[in-house]
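To start, the structure itself, in structure tokens.
Each chain gets a letter, A, B, C, D and E, in the order it is written, and its residues are counted from 1.
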Amino acid sequence: MSDVYKVIHPNKYFNDYISLNVRPDGRKFDEQRSIKLNANAISNADASALIKCGNTTVVCGITLELATPKAEEPDHGFLVTNVELLPLCSSKFKPGPPSDYAQVISNTVNDIIKNSKCIDLKDLCIVSDKLAWVLYCDMVCLDNDGSIIDACITTLITSLKSLSLPAVSFDVETEEVKVDISNKTLLKVTGLPVATSFAIYQSPESNIVLTDPTTFEEEMCGGIGANLIVCWNQGLLCGVQKYGGGNIPTESQKNLLQVAKKRSKLVEEVIETCLS
Amino acid sequence: MKETQISNSEKTFVQKIIAGGHRLDGRIYSETRNLQIAFGSDYGSCMVSLGETKVLAQVSCEVVQPKQIRPNEGIIFINVDISPMAAPQFEANRQTDHTVNLNRLLEKCYKDSKCIDLESLCIVVEEKVWSLRVDVKILNHEGNLIECASIATLAALAHFKRPDVTRVGDKVIIHSIAEKDPIPTVLYHYPVCLTYAIFGSDILLSDPSYIEEAVCMCTFEEGSAGGGLLVVGMNQYKEPCLLDLTGAAIHNVNIVHKAILSASEKGKSVVDVLKKAIISDDTLRLKRVKINYADIITTEHKQSLIKKDISICLKNYNANDINPESDVEMDDDVQIVEPSKYDVVPTLPKTAELKVKAEKSAWIEISSEEDD
Amino acid sequence: MVAEDFKDFKLKPMKCELNYLSKSDGSAILAQGETVVLASVNGPLDIKITSQSMEKATLEVLFSAKGGKPNVSDRFKESVIRQTCETAILGCLYPRTGITVTIQELEDFGGLLTCAVNCTCLALLNSGLSMKHVVAAVGCALDDSGNLVLEPTYDQIQSAAATMHFVFDSRAKTLVTGFTTGIFSEGAYDEALERCRAASDLVFDFYREVVATYCKVIG
Amino acid sequence: MKVKIGDVVLPGDYCDEITADGVKSKVVLGPGLRKEVDHVYIMKAGVLRKRNPNTFWVDSYQKRYVPSRSENVIGIVVQKAGDLYRVDIGGSCTAALSYLSFEGATKKNRPEVQIGDVIYAKMLVASKDMEPELVCVDSHGKKGRLGVLNDGFVFKCSLNLIRKILNPICPLLESLKNEWPFELAAGMNGRIWIKANTMRETIAVGYAILGAEYLSDDEIKTMCTNIASILAGHVS
Amino acid sequence: MPFDYRRFNGPEDSVSYKRFSEDFLRTYDELYKDLLDENGKRKDGRALNEARSLCTSISRTNIVSQAKGSAYVELNKTKVICSVFDPREITGHQNEYSWFGQIYCEVKFAPFSCPRKRRQLVPDSDEKALSADLKKALETVVRRDKFPNFQMDIFVYILEHDGGCLSAAINAAGLALADAVVPMYDIVSASSVAIINDQIIIDPTEAEEHLALMYTDKEKNHGLVTMCFMHHLKQFTDFRQIGSVDAECVLKVMDILEKECDKLMLVIKKIMVSNVVRQHNEHKVLLEEAKFREEVLQSKVEEWRKLLNAG
């Protein structure tokens, strides 16, 4: 019965749950979903990680390439991050080039990683103005059930942390490049940004904040995607983005940051355990 | 959103009034609207308005590998974008025939006419050349996009300066503008596109407005006299470099001749305005005056349409009669010494205007002109 | 029009012209300091059936950079502005129609996105579309020594440790949209939010002043 | 922000005077006002007005027409579909005008309307959820001034200007009609149809109307005399 | 590579570092020697005629929560995920009414799926060929007459490529279709072989496939063959062969593949059954959990129903 109700009258269905102080999947408002994290599942990639936050599944794979650095920044390597929202993961995405939404997600993830400064691009340079590493980080969503940015950031960081770069020798005279696969060093990753998504539901009485929302909850809160993304990086904030949805009640502002902080600690632990 | 259809009354009225020797906005046949050129803070950024038609052009450059067939030439790329900003009937991110046509005309006028010294854009043969990209954005479409867009493209190209480059061994160093003075682009000649709307078999309207364009393009549906738009590309040396006719076929060959003659005069005057604007902009920049698009915002009136946009106007009727404060621009008239009907007036610091000289009783004279 | 000193806050001088484009239903050109943006609003209009919504008007936002190839961050800007406008426009009054907002960057000397949001809001006011409230965007930067600078200049942004931008609504001054760059502490965030909230009053006053000037002629 | 009658208002402002009046008697909320749970909120930027005893509205600037019931509009026929004409009225979609809603029209006796014709009609149905519908007859089946407008010239202007020239206190039409004869139809959708004896006179009317948008009453009067003198001086 | 303005792009001249490693430039003969060890076993310890087992514990259906039906298939390193969505109406007025339902297939490789180099994000010819093959394989299996003028989307994503992509994709799609309760004539299973120097290698890995296509000797048989088979009807729906193989060999290969497909079939059945059991159990648990909430909701539903009846 409830399935039919959900299809016919989604707003009312959702509101009924909210008025009972519970979410459709039985969580409390500030409760997050369970996380499963696995590193290096894909051996063809240079580093990889897979995460499952509730139903949301994201795989991140890193492939290494070599290139000449840009003329303007001769001692910087490249970090290229892209998020792919496959038509496979939700009926909302159509085949073809990335939709506007996918581009927004890509941009947000890229911004967070850049802001957190967890990778020093100078570490990726091998020989100034001649040779540098290119890290292609592709995050692929296999199942989109909300809070996709959280999952993307976590997989990305996990795979970056497990990435090791092979030794490269560069002959300045002949410009010959030699790669020794047997000799690898771990990439230096400083910091550990963790993003937490929230959706803000405009109920007649007051706006309600839902932590780690599912797709259905995101939809009910207006628009696609989460309304608020708070990103902590080891005790400091490295990104607070709020778009659309209900406005944040001033009194819950502080609380939100704390919820995100607590979650970031937990996720940090998950990542550490996964990699140890 | 479909384009609003033009009504029969508008059609017949405009046709009649033009046949009678008048135009809706009070201009004479060979008169163009106000031309204004404003420059932005960057080199190669300008906004051109022709009456209410507004176009923004921006030149940007990057170092790329040259094409294999032309290893020692730079690359130029023109991209026209008509967004819904121009008028509600345009859809976003869609290439329409209109856009393609406009793009093609501009390419013909600036790429195919070889007015740009592409060889000077070469840095290392077969390896590195400058690629110039001109982004033309239509902001407001009140007719005659081609002329306005072409002036904007030319102004942006002529105004543009690329960073200086030094070669040390096989290394190429690109200097920022602060380090070394940038280099202007070499233009052999300055072509501009001028549009004429053809009414009947022998009436030529220069710089047609939106409604005139619409009416002249739809006349042939009724099987009456052919109408069409004739685009003439002309440089300052009075050499035509482009002819393009859309609409009905021309019965009378003389009309093309007439158009080219008129265009040669007008082309030169437009280029003169343009050069003047660039020179005055350059002198201002030398004096370290900050130039910015913020200057085009006039603070006197919030409603910018005041006194500017009245699209229906009597010949020679001047709003000045009512608003004496603006007659600064109108003081010297009468003597017609030079054949040009235009005045170049520097109004704002970085703008120059091409203005029609006010002639008090011109409409009688003009009606006599039409007789021959 | 220059916003004067107010409560020891100072925003960049704002200059604005409404109805700049004759063909658009509403348009505005706004300069905040040296950053200049042109915005146009068209609607409500007829749109493709596939993008029509039975409940409310479909809002489409297009952002066009000054030149160069389109890129991913343009889409991000569009998304920010679209989501901000969606909360402000009473779309439910125009079901099955489309509203198109087109934004053209003219000069960028920092704070482009805040200027774009404000300019869009002015264009919406000019278009006469029904709105729930107006919005005001204010940005600030955190310099290396931890001081907050309201409406930073281009150089200040380049050297800043973090920048934060907030958009507030005019009713309760709650946070509608926010976006940040760089790393900052929680305390800095809270302080920035409060200062920007207070400074948003200046922007609202500016809107009122703009409307007042043209009300004289439409009355 | 709390505002009073006559103030410059922005969307999101609220006016307690209206709520207070509403307690005593019924009030009419005109364009730009909206009642929510607690207050009457403003939706458009402009000036808050009141006409006694109980009508409130916001004077605002607008170019795009949103259909509203029983307004007279000027449309252009764009399509004949079955027993309907589709008429472009400048709104978000075309309006329907039935063959039968002309004076004396029957199934057999169809009115002569061509595509591209200018129609002066009344809004019969206008709601946000329905296609707008026009009629060219009044409730008695008489056409009055409605119907096809032949010849003349049509131009667009802002919706405010229409309201301004139709306002009885506006001196424009009063002064113009004393100068030379002309016909005029003003559609609330921002279109004006004009027709005079000569083309020059027609243009003069158009110019006077468009020119009046930002002028004060006195300036309008001066302008009208100016135009008239020019016309008189050079009429061919 | 054209500039993709919808994504972030790396530098244009970037190349995989593997290009510079010693492994990269090994010749055919070297690689061939590597293929089998002294006991005649393959690198991963399989005999030549031994297929990789479809891992029943990991391979499963119903993996994508948003899809109607989905499946995940893992063959050692090859990992494939597939999802099927509700049929949607074919729109567009130029399309005539089609009496049969349409199947749209898209196979994509993850950028990091291949061992040799990074794949571009824009679809390439390989992916298009695989999509076409998948479509051919499934069109004859699905009861397309059951959903006229509707289109069913089947998306396959290859997370890791270690040989047998097409067969894995078909197997995954078959499972996903079954999971989505799409009417089908039969269960499909697919299998592949590589032929190197007349040697037939069942269920090859990526290295073996690579070698099979790198042949130098024109005399001997070289190639890849994939076959898709319907078990009960004894019909094959798709047959794909790359390389040069003589007729005799083809017949032999077909025999082998038929047997392989039959073997696979048992595994697929097992997965399907276990999936039904699991779903049933999960459903039970969910029902228990939802009972309380349902009860409270029920009162609301009643209220709503009354409103409906009244209005």
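The rule we apply is simple: a residue touches a chain if its C-beta (ideal position, glycine included) is under 8 Å from a C-beta of that chain, and two chains touch if they have at least 3 such contacts.
In UniProt terms the chains read A = Ribosomal RNA-processing protein 43; B = Exosome complex component RRP45; C = Exoribonuclease phosphorolytic domain-containing protein; D = Exosome complex component RRP40.
Just so you know, these numbers come straight off a predicted model, no measurement behind them.
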{"item": "Partner chains shared by chain A and chain B (touch criterion as defined above)", "value": "C"}
{"item": "Chain nearest the overall C-alpha centroid of the shown protein atoms", "value": "C"}
{"item": "Chain pair, A-C or A-E, that carries the greater number of C-beta contacts", "value": "A-E"}
{"item": "Distance from chain E to chain B - Cα centre to Cα centre, in angstrom", "value": "58"}
{"item": "Averaged-CA centre spacing for the pair chain E and chain C, given as whole angstrom", "value": "48"}
{"item": "Mean-CA-position distance for chain D and chain A (Å)", "value": "54"}
{"item": "Chain C and chain D, separation of their C-alpha mean positions in angstrom", "value": "32"}
{"item": "Of all residues in chain E, the ones touching two or more other chains", "value": "6-8"}
{"item": "Residue numbers of chain B (touch at least two other chains)", "value": "301, 303, 305-306, 309"}
{"item": "In chain C, residues with contacts to at least two other chains", "value": "18-19, 25, 42-43, 45-46, 72, 75, 98, 169, 214, 217-218"}
{"item": "Contacting residues of chain B [partner chain D, same complex]", "value": "4-13, 16-17, 20, 22, 24, 26, 301, 303, 305-307, 309-314, 316-317, 319, 321-322, 363-364, 367"}
{"item": "Contact set on chain D toward chain B in their complex", "value": "61, 76, 78, 88, 90, 114-118, 149-155, 193, 199-200, 202-204, 206-207, 210-211, 213-215, 219, 222-223, 226-227, 230-231, 234, 236"}
{"item": "Chain A residues touching chain E - in the complex, by the definition given at the top", "value": "1-2, 5, 9, 12, 16-17, 20, 22, 26, 41-46, 48, 55, 57, 59, 61-70, 78, 80-82, 84, 86-91, 95, 97-98, 102-103, 106, 110, 133-134, 136, 138, 140, 142-145, 166, 168, 177-181, 215"}
{"item": "Footprint of chain B on chain C - complex, ascending", "value": "1, 15-25, 27, 29-31, 34, 36, 38, 40, 42-43, 45-47, 60, 62, 64, 66-68, 98, 100, 102, 104, 106-107, 109, 210, 213-214, 217-218"}
{"item": "Touch list for chain D against partner chain C, complex", "value": "1, 8-13, 32, 34, 41, 43-47, 59-64, 66, 91-93, 128-129, 159-160, 164, 213-214"}
